[in-house]
Every structure is written in C-alpha cells, then in structure tokens.
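These are the structures in question, set out in turn.
Common to both upcoming complexes is chain A, partnered first by chain B, then by chain C.
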Partner chain A sequence: MTVQAPAAPTKATVRAPRRRVPAAVWLIGPSVIFMILLLGWPVVEGVLQAFQDENGFTLDFVTRMVQDPYFWPAVRNTLLLIVVMIPIQFAFAIGMALLLRANPRLHKVHFFVWAIPLALSDLAAGLVWLSIFNDRGYLNSVLAWLGLEGSSWLAYDNQTTMFICVLIAELWRATSLVLVIVVAGLQGIPKDYDEAAQVFGATFWQRLRHVTLPLLKPSLQVALILRTILAFQTFAVAQALTGQNFPLVVGETYRWYTGLQNPNVAAALALVILVVSMLTSIFYLRALREKNQGGTR
Partner chain B sequence: MTETTVDTAPLKRQKRNRVLLQLSCIAISLFMLIPIYLISLAALSTRESLNRFPLSLLPTSFSFETLAAFLGSTGVFGALGNSLIVGVGTLLLSAVIGVPAGYALARFAFPGKEPYQLFLLFTRALPIVVLSVPLARLFLTVDIYDTTYGVILLHTALALPTTILISASVFLGVPQDVEEAARVFGCSPLGAFMRVVMPMALPGIAAASIFTFVMSWNEVLGASILTLDHRTLPAQVLTSLADSPLAYRFAGGFALVIPSIIFIALMRRYLTNMWGSTIR
Partner chain C sequence: MADISISNLVKTYPGGTERATDDVSLEIADGDFTVLLGPSGCGKTTLLRMLAGLELPDSGSISIGGRDVTYLPPNKRNISMVFQSYAVFPHRSVRYNIGFGLQMAKMPKSDIEKKVQWAAELLQLGPYLDRLPAQLSGGQRQRVAVARAIVVDADVLLMDEPLSNLDALLRLNFRSELKKIVQDLGTTTVYVTHDQSEALSLGDQVAVMRKGRIAQLGGPLDVYDAPSDRFVGGFIGSPPMNFIDAAVTADGDTLVVGDQKLMAPSLLRSFKASDIVLGVRAENVAVGTQRSSGDIAATVLVVEPMGSTVLLTVDVEGQTLKVQAPPTFRTAPHQTIWLSFSPNTMRFYDRETSMALEAK
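This part shows the complex of A and B:
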C-alpha cells in the first residue's frame, strides 16, 4: 500500500498556493505514480513474460499459443461475435434513444429499465440466460407448453445456436452502455436542427441520415471504441452458458492461467487482446476523422 | 357533412405512430425485464420444482431454499464479504487519489495537462487481462497475492481514469465564483474547498463512487486470477461454475443481478452523466 502515501502532501500544498503550478502537480502526482506502477509497469512486465524465459528472448510461448487447438476457434469466435454484435447493438441503441426522444408515456421508467443491464457483469448475464437456454430451461418449457419440441440450444454440436445464445445474452447486457452514451449525445443536440429539416420537408430517414447521425458522430465514436474494446474482453458469458464449448480469446487466457498453470502463454494471449484493441481504436479514430475532413462540418 | 372534407389521414397516422411508439417501448422493456424475472423465479423456487420439466412460468413454488443453499455453500458467504471489502476499498482508494486529480484538471492549467488527459484515455483502453497476469506475479513477490488488498489495487487502477474524468466534470459544474467568494470572506483554500466546493460536488462524487463500486463488484477475470482463497463473489461463482448444480448457478446469477438493480435505481439521475457524456 505504499502508493497511498503520496496522497498526504496534497492537502499540505493546497494550503500554501503561492505558486499555482506546484499545487496542481501535487494533486495530479499521486494518480500518475499509481497508474505508472499499476498500469504501465504490468504492461511492460507482460511483454517480458510473453517473450522471455530463463535463457532470454524466446518465441516458445507464442508458438504454443498458436498451436493450441482452441486458439484459432477462439480468435474466430471473438471476431465473429464482434462483427455481428456491434452493428446490431448500435442500430438497437440508436433506435431506442430515438424512441425515448419521442417522449413516450413513462419514458423515465423505460429508460431506467433499459439501463439496468449497465450494472451487470457478463458473468451475471450469462447465468441469467442460462436459466432460459439450458436444456430444461424456460425457453424449452415455453416451447413444451406450446406443444413444440425444444432443442439443446447450448449443445456442443449446435455451434450456430450456441453462438446465437451468446449473442442474445451480450445484446441484452451491453446495449445499454451504447444507449446511455447515445442518449447523452442526443441531449446535447438542439431539437431545432431536426425541426428545421422537418419544416423543409425532410422525411424521417433523411433527417436521421443527414441531421441526427452526423451530429451524433462524436458520441458514436466514443461508444464504438469503448464498446469494441469491452467486447474483446467478453468471456464470462460464454463460460457461464457453454463452459469450454465456445472458446473466446480472454477465456483462453483464463484457461491457460488457472487450468493449465502457464502464465507465460496467458500473457502472450493477453498481448493479442491488447494489440487488437489498440489497432481497432486507431482504426476507428482514423476512419471517423477522415470522414470529418471530407466536409460534414 | 363538413367532417368528410377534412383530411384526417395525418391525424390518424400520428395516432398510429404514437401507439407504435408505446408498443415498441413496452416490447423492449419486456425484453429487458423478462430474463430478470425468470432468473428470480429460478432462484426463488424449490429445488424439486426446478427438476420438473416444463418449468412453471408463474411463481407457484416460492421458497428461499435454493438461495439459502447457495449462501450456505462453502466460500460464498466469505466471498460476499470480500466483494464488499474490495468494493468499498476500491471506492475509497480511488476517491483519495482520483478526486484531487479531477479537481486539478477542472481548475488549474498546468504543463503536461494535454498528455495527461491523453494518458487517461489510453488507460481506459487497456484490457483487464493484460494487467492481471503480470500483476499476479508482481503481487506474489510483494506478498499480497490472494489478498483483498491486491484486488483493491487492481480495481483502483481500472477505475481511476474514470473517477478522475468524472470528478473533473463534476468540479467543472461548481462555479469558480463561489469558491472565490469563500476566499474573500476569509476561508483558506482548503477551507473553501471543504466547506463550499465539496458540499456542492458531493452528489456527483457520490454517484462516481457508486460507479466505481459497481465496476469492482462486477469485475470477474482479474479477481479470479489474483486470488485463490479470498475470492470476490463473481470470482467465486466463476470458479465453481463447472462443478456446481444448475440451482447453485441460478442463485449465483440472482445474487449478482439484484445489487445492480439497486445501483441503477440509486443513480438513475446520473446515468447519462456517469456512463454517457463524461466518459470520453
């Protein structure tokens, strides 16, 4: 707990603010030290762990990671999940935000209900949907009441339904994060623009395409980056719903670390996540900036 | 016969749109609520009724048996305690470090402010898993592996950038004039901060603290990598997933869902501020 110590001088220097700059540095300092120790150093350490053994530099761990039979399925599943989920999620979130803006009755209640999953972990979401999708769960029960035959939605040989189950659980849980960011963004846009476009006879879709979405772009950019990075980290949903049957990259990290007791390969897998998240963020920033220069504003 | 000459089509269309709007809102709310109803139903029915096949969709066999069995099984009660300790510890530590930094960001211009803000943004993009594995080794060497302290440190590191950004925006909302007025009337800078700024900023800071607590309460991966015996609740549930009966898992899910509903209810006024606008 040594990191807590620098917090003490904070108050002392606020008392004598003859020079403003040092006061700010004293206020900021502890956080910088803390983050270098607990965010910066582990990243460096992680790179070393993945590429170094007793004899120095090695690619052994990376090779073992790539040759593991679960690795490529895990990568494929993770990417597939993101590519399918993100567009659906954004369409839903934007739609939901627009519904809320139209001021339906009880819109505060609706917003509260739609926001509940914000505070849910992906493990909890997985367990919630497990009660629905398992062989003797509520979905099959409903089908049985209706006189239809159920199915083993989460069985190993049903890769497609398994994927859909994970997808639904993640849509249910994580759309609210995008929703809240979009709602906050919409609040910052004066309704006048939309009304002006309406006066000039623009249809709903034209207004959405040419007025609302361009103005929402900064919010969407943030939501996109945040949501994609978080989506790369999804694993407990799949773990709760399917066990090892639907491998995801972070789940593999967990398996290598706890199950196979190999922190080095786990560190290598973690680096894969890090590199891919960074690349995606840069890609989003680039893609959305270029369009900005193209002249939307 | 004047009614026939009035074109009622737009009015009708508007009415139909309103109905559609209400219906779609209700449909989405049902999609959000039904799973929560079902997990509650599963966690609050008897074990025997969970074994029947077409499960009843109505609360016909209400009992605390399943939930009690979950809370009574080894490690769960301790894990609940650990989760609370870690959550509160994270909340306090990140407030002690993060709130002053947020204040500085809101009030002072200082060299390196831009890089500092960029650095905060960058750390938000750092996946938890990248930190957990190396930190486990680090904590082993300094002897805080498998303690709640280790998990508190990790969670604080994760929550700190957000805490700083949120508290900065909260302090920006407190007008500088009132602080200066307090100084004019003879308050010390610290006194002005404690007596004038803090009371005005407190609701926002409290919401930010709940946000931190939620983050810590939900974090699964890091907590399960950094601990063996002193697990938090999600870590405990995760590690016992494979060899536990369905009833246990449902009760675990329920135990994780209920607090989140309370959290959201507590801070529904701040939702868009916390997760929305200030998140960038």
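This part shows the complex of A and C:
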C-alpha cells in the first residue's frame, strides 16, 4: 500500500514533461517540406548545375551561354515583348473590366468568354494562332478573299511581323489573367466613390485618373508583378509560331536542354530568368511601397 | 440655388415588378429644405438618386432651376451630395477631398485653397486637413463629406441619410449644426431619412413616402398634427398616433367606443351612423384618477417613466393605447384611470381606406 500510493503522482509527472510537438509545427510543416522538395532542392540543384563541372566551380557554362549567337537576340526579344506587351495588356484589361462594370446585357457571358484563354494551354494557343498566321492560314485566306495580297507573316527574314504575330497571340492568351485580377479589384471598390466623383462634376477620364485607378492600385500591383514574371517566361506561343526564328530566353533554355543536350547551359539560362524575375518583383514592391508612404505624409 | 420641379416620375428597377417611385410629382421652392421621409424601400433614396442623375427614370421629368435635367449625367447637373457611406476618397488627404469638386471644375489653386479653408473652419476640420480619411473618426469623416458638398457652388444640395452612421449623441449635435450651416448657405436642399425626428427637426417641408408614392407633403407640424392617413400617423411620432375603432351614432353627436361614449366634434355630423377610426396623439390625451364628464375609462397595463413624462399603455374596451401623463402622475398596472380627449386634437379616418375624413 505504502509503495503503491505515490505511484499515481509519479505517472503524472512522467507524462507532463514528455515533449509534444507544438501545433504550429504541424501546421507549417507540410508546406515547409513541400517548399523544400519542390522549390528549394531544384533551385540548389540548378545553381550547382550551372556553376559546377567534374572539376568543381566553373564559369564555362555561363561564358558559353553569353557567347551563343542566339543569347542576346533572345534577351532583346524578351525585353521588347515585355515593354510593348504589358502596357497594351493593362490598357485592354482595364478597359474590358470597366466595360463589364457598366453591367451591359449578358455581362456574365462576356466575362466568361473573355476569361476562356485563361483555361487554354499556351501551346494550344500558339497552334491556334499558327493556323491563322501561317502562309496558308486564315489571315491570308481572308485577305485573298478580299482581293488583297497576303504575306509570309512568320518568315524568318520578317522580324517585325513575326514580333507582331507573337505579340498579338500573347496578348490574346494572357490578357485574361490581368482582366480577372482587375475585375476582382474593381468589385472590391464601393460604387459610392465613383458616384461621388460623378456628382462633383468629374468627367469619365477625371474619374478614371483621380478615383478608379488609385483605388485599384493594390490589384494593379499584383497583376503587374505576376504578368511581368510570366512574360519573362513566354515560350510555347513563340515556339509554335516561329520556332527558333524569334528566340526568347526560355525558348533558348529549352533548345540547350533538348536540342543541344546541354543541361548545364540550360540551367544557367534558367538562373538568368530567376534573377531577373526576382529583381523585377523587388523593384515593383519597392517602387509601389514608396508611393504609398508618400501618400501618407 | 434653384427650384426643383419633379413631375410624374416613374422608375422600375430592372428585374423588379414593383415601381420604386410611382408617378411622383413634387415642387421644391428655391432655398427650401425638403425632407423625404419613409420606411426602407419606400423609394425615397431612388427619388434622390434620380435627382442626382445616378439613376434614370422610366418616364416623367425633373427640372432644376427651369432646366430639364431628367436624362443629364450627374456631372452636368451642378449638384452636390452627401452620401450615406460618406464616400470620402480614402487615398487622398482631407484637403484634397474637400476641394475635389472645385478641382474638377478647374478652379485656380489659390481659390480652391481659400474655399477649402473656409469650409474646414466651418466644420472644425482645420487641424485635420493633411490627414488621410483613415486617420479620422466616423464623425470627422462625415464632416469632410459635408464640407466637400458645401464648397462647390451647387444649385441643389442632396443628402442621403447623412447622419445614420453616427452614434445617437453625435447625431443630435450634428443635426442642429447641419441645420444652421444649410440655413446660412440658403441652398435648396433635399434630404433623405427614415428617422422621423430628423425629418421634423430639419425640414421646411416633409414628404412622407410609402410604396413609391408621396403619402403626405406638408410642414413638419402639419404632418405631425394632421396626418393625411393612418400610415403617416403611425410612422411619425414616438410613440406613434393611437388609432381606436369607434362608431358615430345615428344623430351624429356621439362617438361610441365599445360601451363608452364620447362627444363627437361637429365634423362627424356628415358621417352619421358610420364606423370610423379615431386617431389621437399620446400627448393629447389628458389622464386623471377622478372621473369627470365626457371621460372614458381605461385600465393601465404598463407604466414607463421616461423622465420628463410617464408613458402609459392602457386598455380601452379591448383596444390598446399609449398615453402620456405628467411625471408626477402616480398609477400602477390594473388600476382604472380616466382619459379625456379634446375635440380639436382628435383626427378621424375612414375604416376602409385609412384616409383622413373631411367635412362634406
């Protein structure tokens, strides 16, 4: 009896100090593991691949990448595409979102139709546009039917039309993403602000400039970061339309990896995209944050 | 400043079957303060939004200062407005918000600054001009909305339940302040509210609305003292008007409530031997513990001391009434008290149509 009596408290004291995994670890654990496996590991692997050969650290692959005759045209084309495409894309998306906000008849159908490209694979989109722009495509057929002479829009020696074709196809494919974000943002702005501006004499453009766009800024930030990063990765549409005639950075990555069987240079190119994307995001966040602070003061 | 003329305005919202405003006509004189009063869904806000141009009517017309504005966009109407939600632009300073209308009109900067200063002083916003709306309290944001509306030299000032988001004390204080500001400006004002005390205290004329129609239009005391139908009497006043089913005798001299009799005013001579409804305000019923001639008996159900008065809920022949007694009046539930009605405060309504009876 005297031995058994203290047994219960002992049991309790044993149970209390037993380490329990805090709930926070359980909650955050899966995503940490997920991030390490799917993001961290490939990034490390990619960096190693780009800067390491059998003898250890090397810059050979980077040099080879830069010296490749397609590299600088690919960089130039990618940047050109971004600089031209993104403003047009935002103008379209904001215009379309404003049209939808005016609640025209069947606006839900319009929104659905405008969002369809979002659901399409980019290679499929590229092939659709190829059937339009190629020498015997729909565009030339329509021109012929109208009695006009067609053109080899995608010929390798016709850089301008090639660029325009890729631009149009990318605009068609990727504007819907911006549209969806802007529409969501517009829905979050109470109608009263726009009505107040109307009552106080603001014209459409004054309302857009002084009320709607400033209030839409958070959504535009998100869309801008997303679209710019995604634009660096433009690949399948251009590949389908022009093959290697209109090189883009990701297209080059693909060529080095599959065509030239050189995963190391491909990794170096992929790193270029990663670094540029990160710099862009940081730039946008900085630029837009400073504006916010300026507004407070 | 300008007068407003609204005629036969009909509006049905898309998808709706009921008319939001049903053939409304209303004349508002230059410089008048008109209150549109009614329960939610009565069409008062729709009417105001059509005045502002934020909604377009299906038929009818609106003219401001003799100019037909029925289908003009809001920015062409020369109006200003205070919104229920304030709608103060959250991304810009108080200064910018107040001067917004002037800036849109491309007024020179120095003039804008002068006017903004004037309005800010009037509404005690001077120290907050450089703040963002998020750094202000609800009451201050409301002041910004009012300041923004009064700096522009508008023909008409529209207000859509501007006080409804303030707490009770602030609402009471700001109400009189608002009345003074609008009086000094002298701008024609249309004010929408569902709060009857606001309507009575602010308006030169009150339009009581129900189901898209104006049930009664008149001065605040008119709509309070002589409601044109049972709805208006029941909506205005706290407590609302009492309505008692009664009958006029064949000779037209006596009013019968259950088994009790009242002297009938001369008006009822033209309604001999008919069933009517007697309407009387709580404060117009005198109460006593002793019977005097012409009184009717009532049983006390509830006693509510309100400070300045005692509110009694009493039963008269199976009908419930609210009456006001002086604060010194002592009574308790189940006691019998005596009510006396004075003929000139009694109102009479048709049992069927609920409309006020008029001498034939």
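What we mean here is this: the second predicted complex is superposed on the first by the 272 of 297 C-alpha atoms of A that agree within 3 Å, B and C clash if a C-alpha of one lies under 4 Å from a C-alpha of the other, contacts with A are read in each partner's own complex, and residues count from 1 in each chain.
Note that in this section a residue touches a chain if its C-beta (ideal position, glycine included) is under 8 Å from a C-beta of that chain, and two chains touch if they have at least 3 such contacts.
Nothing here was measured: the structure is a model prediction, and the numbers come from that model.
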item	value
Clash or fit (per the criteria above) of chain B with chain C on chain A	fit
Touched chain A residues, chain B compared with chain C	B
Contacts of A:Tyr254 with chain B and chain C, given as first, second, both or neither	first
Touched partner set for A:Leu215, first chain B, second chain C, both or neither	second
Touched partner set for A:Arg136, first chain B, second chain C, both or neither	first
Which superposed partner A:Tyr193 touches (first chain B, second chain C, both, neither)	second
First (chain B), second (chain C), both or neither touched by A:Thr203	second
Minimum C-alpha separation between chain B and chain C after superposing on chain A, in Å	5
Chain A to chain B touching residues, read off their complex	1, 3-4, 7, 10-11, 14-15, 17, 20-21, 23-25, 27-28, 30-32, 34-35, 38-39, 41-43, 45-46, 49, 96, 99-100, 102, 104-124, 126-132, 134, 136-138, 141-142, 144-145, 172, 177, 180-181, 183-185, 187-188, 218-219, 222, 225-226, 229, 232-233, 235-236, 239-240, 243, 250, 253-254, 257-258, 263, 266-267, 269-271, 273-274, 277-278, 281
Parts of chain C lying in touch with chain A, wherever the complex brings them together	52-54, 73-75, 78-81, 83, 85, 87, 89-92, 100-101, 104-105, 132, 148, 152, 158
In the complex with chain C, residue positions of chain A that touch it	190, 192-193, 195-203, 206, 210-211, 214-215, 217, 295-296
Touching residues (chain side chain B, partner chain A) in the complex	21-22, 24-25, 28-29, 31-33, 35-36, 38-39, 42, 51, 53-57, 93, 96-98, 100-101, 103-105, 107-111, 116, 119, 123-138, 149, 153-154, 156-157, 160-161, 164, 188-190, 193, 214, 217-221, 224-225, 234, 237-239, 241-242, 246, 249-250, 252-253, 256-257, 259-261, 263-265, 268, 271-273, 275-277, 279-280
